[in-house]
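Each chain carries a letter (A, B, C and D) given by its place in the written order, and its residues are counted from 1.
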Amino acid sequence: MSGNIIGERFVTVTFGESHGSCVGAVIDGCPAGLQISEAEIQHDLDLRKPGQSIVTTQRKEEDRVEILSGVWRGFTTGAPIMMYIRNMDKDSRSYDLIMNTPRPGHADLVSRIKYGGFNDYRGGGRFSGRITASFVMAGAVAKKLLKYTLGIEIIAYSLEIGGIRAENFTLDEARNNRYNNETRAPLPSVAEEMKKKIIETRGKGDSLGGIVECHAINVPIGLGEPVFDSLDSDLAKIALAIPAAKGVEFGSGFEAARLRGTQNNDQYILDGENITTKTNNSGGILGGLSNGRPIVYRIVFKPASSIASKQSTVDLEKKKQVDIIVPGRHDPTVVPRAVPVVESTTALVLADHAIRAGFIPPVLKVKV
Amino acid sequence: MSGNIIGERFVTVTFGESHGSCVGAVIDGCPAGLQISEAEIQHDLDLRKPGQSIVTTQRKEEDRVEILSGVWRGFTTGAPIMMYIRNMDKDSRSYDLIMNTPRPGHADLVSRIKYGGFNDYRGGGRFSGRITASFVMAGAVAKKLLKYTLGIEIIAYSLEIGGIRAENFTLDEARNNRYNNETRAPLPSVAEEMKKKIIETRGKGDSLGGIVECHAINVPIGLGEPVFDSLDSDLAKIALAIPAAKGVEFGSGFEAARLRGTQNNDQYILDGENITTKTNNSGGILGGLSNGRPIVYRIVFKPASSIASKQSTVDLEKKKQVDIIVPGRHDPTVVPRAVPVVESTTALVLADHAIRAGFIPPVLKVKV
Amino acid sequence: MSGNIIGERFVTVTFGESHGSCVGAVIDGCPAGLQISEAEIQHDLDLRKPGQSIVTTQRKEEDRVEILSGVWRGFTTGAPIMMYIRNMDKDSRSYDLIMNTPRPGHADLVSRIKYGGFNDYRGGGRFSGRITASFVMAGAVAKKLLKYTLGIEIIAYSLEIGGIRAENFTLDEARNNRYNNETRAPLPSVAEEMKKKIIETRGKGDSLGGIVECHAINVPIGLGEPVFDSLDSDLAKIALAIPAAKGVEFGSGFEAARLRGTQNNDQYILDGENITTKTNNSGGILGGLSNGRPIVYRIVFKPASSIASKQSTVDLEKKKQVDIIVPGRHDPTVVPRAVPVVESTTALVLADHAIRAGFIPPVLKVKV
Amino acid sequence: MSGNIIGERFVTVTFGESHGSCVGAVIDGCPAGLQISEAEIQHDLDLRKPGQSIVTTQRKEEDRVEILSGVWRGFTTGAPIMMYIRNMDKDSRSYDLIMNTPRPGHADLVSRIKYGGFNDYRGGGRFSGRITASFVMAGAVAKKLLKYTLGIEIIAYSLEIGGIRAENFTLDEARNNRYNNETRAPLPSVAEEMKKKIIETRGKGDSLGGIVECHAINVPIGLGEPVFDSLDSDLAKIALAIPAAKGVEFGSGFEAARLRGTQNNDQYILDGENITTKTNNSGGILGGLSNGRPIVYRIVFKPASSIASKQSTVDLEKKKQVDIIVPGRHDPTVVPRAVPVVESTTALVLADHAIRAGFIPPVLKVKV
């Protein structure tokens, strides 16, 4: 495979560029008999749509999804599902101006070298955050599949933005609040703080990083294939495919470096008839397999690379160092828009592994 | 594929269990014409071998590697390379005693459920840290390939164990010191501290976590395939396949959550004729592609799960909560032995991507 | 992967159904810097387009291709290339009538069972010959790539239809004639005969089978990966993915069963400085590798399953045997329209293996 | 992947060379809980073992299989199964003599070019028929799995050798007779004729080709994934990975080129409650999916390339044409020894697809 395809049984193929005609996805391997509509996919796309609030880019895109194959009379058919959105509000003028002065923090220079200058560099092209719309389209189908077959629910939120970290909240609060505020925080009070910080930072021509935390609940025991296709391996792989992601940790994560075994081990206890654990430092994954506890993991996103401050770069034609102020319309932080993306990528991995482990059959029910 | 195979062009297949006959690997896709000997592979295996010092398990294994195919007259032939080590010093007695009382922090319970009780649970079976010997065997070939063709060097070390973190050292110091001390620290003084802490903790029947940091230098620009097979995606995937790994971060990593764009962006400068960057917060990877700067990343390892302290578990037959003290011979921390493993997994990913990106041809030179 | 994706490095993903919105393909892994236009792809699509002559189905489709990603300013960018054609002249009325009476020779019954009745059965849905338009779109890119980089030319033609077999023709004649007659025969005289036979058979409500022969010339030595990804293995795999194909043979093929080693072995001779062979019974492939001689192979196609004669089937609702006359517009033989398809599938395999074997680099040239 | 690995869910990895240390296989993805012993695998290996009769090579090999991982206490564990045989009776002396004079019909020259002269050419190395021992080892596990879970039986036999074709026999006769005669014919009388022909041809320093026919019965409806991973595609792919195979056909096969639709279509009829077909010209596969009728297909094998007659070749060092008489011990026809190999490769494909289609679960039963 060549990098734009992921999954073994629930396979996602992505295509499209930031300023090309479209961004889309093909799902190969979705079981037949799943009820799915464009409206459901649109719902998720709308959650990551640009231009929605003051904390995101001002690029305005309808991001209207069309399903062009694989769904018939409201149900998946077992054939590949092709979906896409057209790019409408493209403003590529500024990119030709800067093609010889690669933007710090972006893939401009490396992609130019890798592709011999043939890559579509407008808006970052294939390296733009806009391609995550593909993840969300495919992820919407995966989420529906997981919910319908196994009752799995996936909840992500902005745990931290610009040093402001949400604390003392419940999963119920996160579920209810995250999409009711612009920063995707689990608590309204935190959302307010984050928003203030974002606006203030944008005003200074700067940007912020942060952390998205994601829970997946009702995941059955035994998802994940040792050794290399462990569940955490595959979640990490796709997490780092999200532009600006720079790290991922499960359960106690980097904190575990400073814990002792007696502190970090999740001891088994009985909860009535059921075996469970006192703690969930493993983040729901042991030996690469889901252990029935909630899967909990975090992804760190670096501060958005496009900033309105003066930065040093090199003029590739003139071979001299120059200053640049990055033009275009940008997110002051990618974290809020990454939240629905992380839910989607999580769903893609879980759907794939649920099929691999035999929890979801190739046909969900028999119609005739 | 089914989980025990990784890579697209430099493909590594692993097999074996902790207390079975052997642990081994097959490499499919290694270019023909690479000079390689059992001695070179043995050298790397010896670095992770158990029973070497007071800071590791007391299980004694020769770990004597045999190459059984794919190498002829001292050179790789282009055919699959099969290598293995036999398991000698197995002591499986204790495992039958505990098969009904799953060890906290281990995969005992989840693997039993996933495989219907048919899995070889002795010593953790397929979930044991011992399987990383496969990574090292295959990695030794990958390291040689990268060194010979591109001059790539990979250097990992224990950055932190039990809260003791190495600071103020150079890469040269790390290169020279790491395998000259038992804890694989980059500085002798830190090694002493770490060793003391490990011995002290083991004495209390407890264990420690830590962080391995890894550098890869001389990596050409353009390794990595967007979107899903980005270089960081694939490094993270294999990192989390190492038992006890719970997180991974590149460059400024989780720290980036609290940085601003102006701080975190690596600005371009000219170094004579060459374009380079002032800082390396990206860890040598931009847009999923190597950017020519050193690749720098860190993996966190949880404290070793096997501890000599009393822990709570559930007796699966009697369906009641019981206390357990885990028997067997174990590492008080996995970090020192993980160091050569991380170098190996890094090499496996870089070799695969170097072939994919066209930097290494299918035949290294022509003999006749 | 899930069946609709093929290739390792030049990867083709297909989607679409006969009576859905569209039929299309995504290519992942096409090198950057290949000049390609919609017109070139259209040229190939036009060769397999329905409704062109009396010997094919009367369904009229423009089959107008659109490239929606991966090509920019006339060159491939290295990003996935998405292409599709819209379905226009759909007449699905008859299919609901027959959904309970599966058509002999078609996949109606097996696909209904496999997909629990959720498959789009109109016009055969995903099992229709119409999906080969995807192969042709992707194949057009592969052909251009092979021609541009290695000078490879691929020539297929109708070797035999309804017992009429072309004989005593040269490859030059085949190259010049095949697309200048409706039956895609290598000689005009044979074309006339075949056409007569087709018209006569269609008049009787019946259909014909036949054989497509394909040559690939200028293929370098060493394409193909032993053992399982041998060049003949991969050509055979994709050949049998073409609807109605029932067999494939290379070089002397089934004839070899009755030859002796002294007759079938291709003895080596010198042709000036070059080593070549007296004969080409191997069809240009030895040990699964291209040997520099023309690749020659044949694919047999069964007589088209849709015929206007009365056939026996079973009414699935009433559970009784009934007679059926298959409605719809159909090809009296699939052979002529299979000819450009076979050239395309051959190109897909060769392009993939040329990249795998290092004959085509990831970037064809450097623009900037 | 790199050519030595096949399958998606039941994955077979092969390694080894004709005159190296060993030949072996790793199976990744075999469900846990399958009872399997070395004796069962040995049984199948013995059927293809060399040196057994006057109609095969006189190389004597014990081919004693060892299972080194993945099977514990008599059952598969879900971990990779590694198996191998050691090469004992190697006589490599003759190969150095002929390394500069490539044998007609063999891969000597192409493999030397492909691997820059580094390939192990002794006995054909990786291109030897001996590597099919790997197929048989893995196939024995697949056969057991298919038999145990679905009652699938696979029966191959020599349909034709040197122009002598078996006719008028039943599948029962084939089942009972094939392994009770040296030529693997379905009838003793045909076996006698074939044997006479083989001995006579060998006496003349020549060799024979032939055809293996294979049936698979009790295959459930719906195995195979459209489009590219159709069941016939995957059976053909692996068939052509068997050395000396030059073609494959399903059901009426190449015969279908001369049939009309009314003759070749398998009309549906009721057999009591069950839907079946009057004929089985499809060979049990429609639209790439098994249709519940026996799978029937044929593979043609060219006459063995190693013959004791004088042949023309080129001395690569002296760059001149020379005559050669191929030394070594060889099969006068590969057909008899290919019979168990074809059963094995068929089983590998069916096992993989049965898992993919959900007919075989990841765990066969629960032990604890």
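Quick note on the criterion: contacts are C-beta pairs under 8 Å (C-beta built on N, C-alpha and C of every residue); 3 or more make two chains touch, one makes a residue touch a chain.
The shown structure was predicted, so the numbers you read here are calculated from the model rather than taken from an experiment.
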Note: among B-C, C-D or A-C, over half of the A-D contact pairs reappear in B-C
Between B-C and B-D, more contacting C-beta pairs sit at B-D
Rounded to the nearest Å, the gap between Cα centres of subunit A and subunit B is 27
Rounded to the nearest Å, the gap separating the Cα centres of subunit B and subunit C is 46
Per the C-alpha means, the centres of subunit B and subunit D lie apart by a whole-Å value of 38
Check: subunit B positions touching at least 2 other chains come out as 1-5, 8-9, 14, 79, 114, 126, 226, 316, 357, 362-363
In the complex, the residues of subunit B that touch subunit D are 1-5, 8-11, 13-17, 20-22, 24, 26, 28-29, 32-33, 68-70, 72, 75-82, 84, 112, 114-120, 125-126, 316, 362-368
The answer for subunit C against subunit B in the complex is residues 8-9, 79, 226, 356-358, 361-363
So, in the complex, the side of subunit D touching subunit C is made of residues 1-6, 8, 14, 102, 104-107, 109-111, 113-114, 126-127, 131, 160, 162-163, 201, 205-211, 221-222, 225-230, 232-234, 236-241, 243, 245-254, 256-270, 273, 275, 277-278, 281-283, 286-292, 300-307, 309, 311-314, 316, 319-321, 357
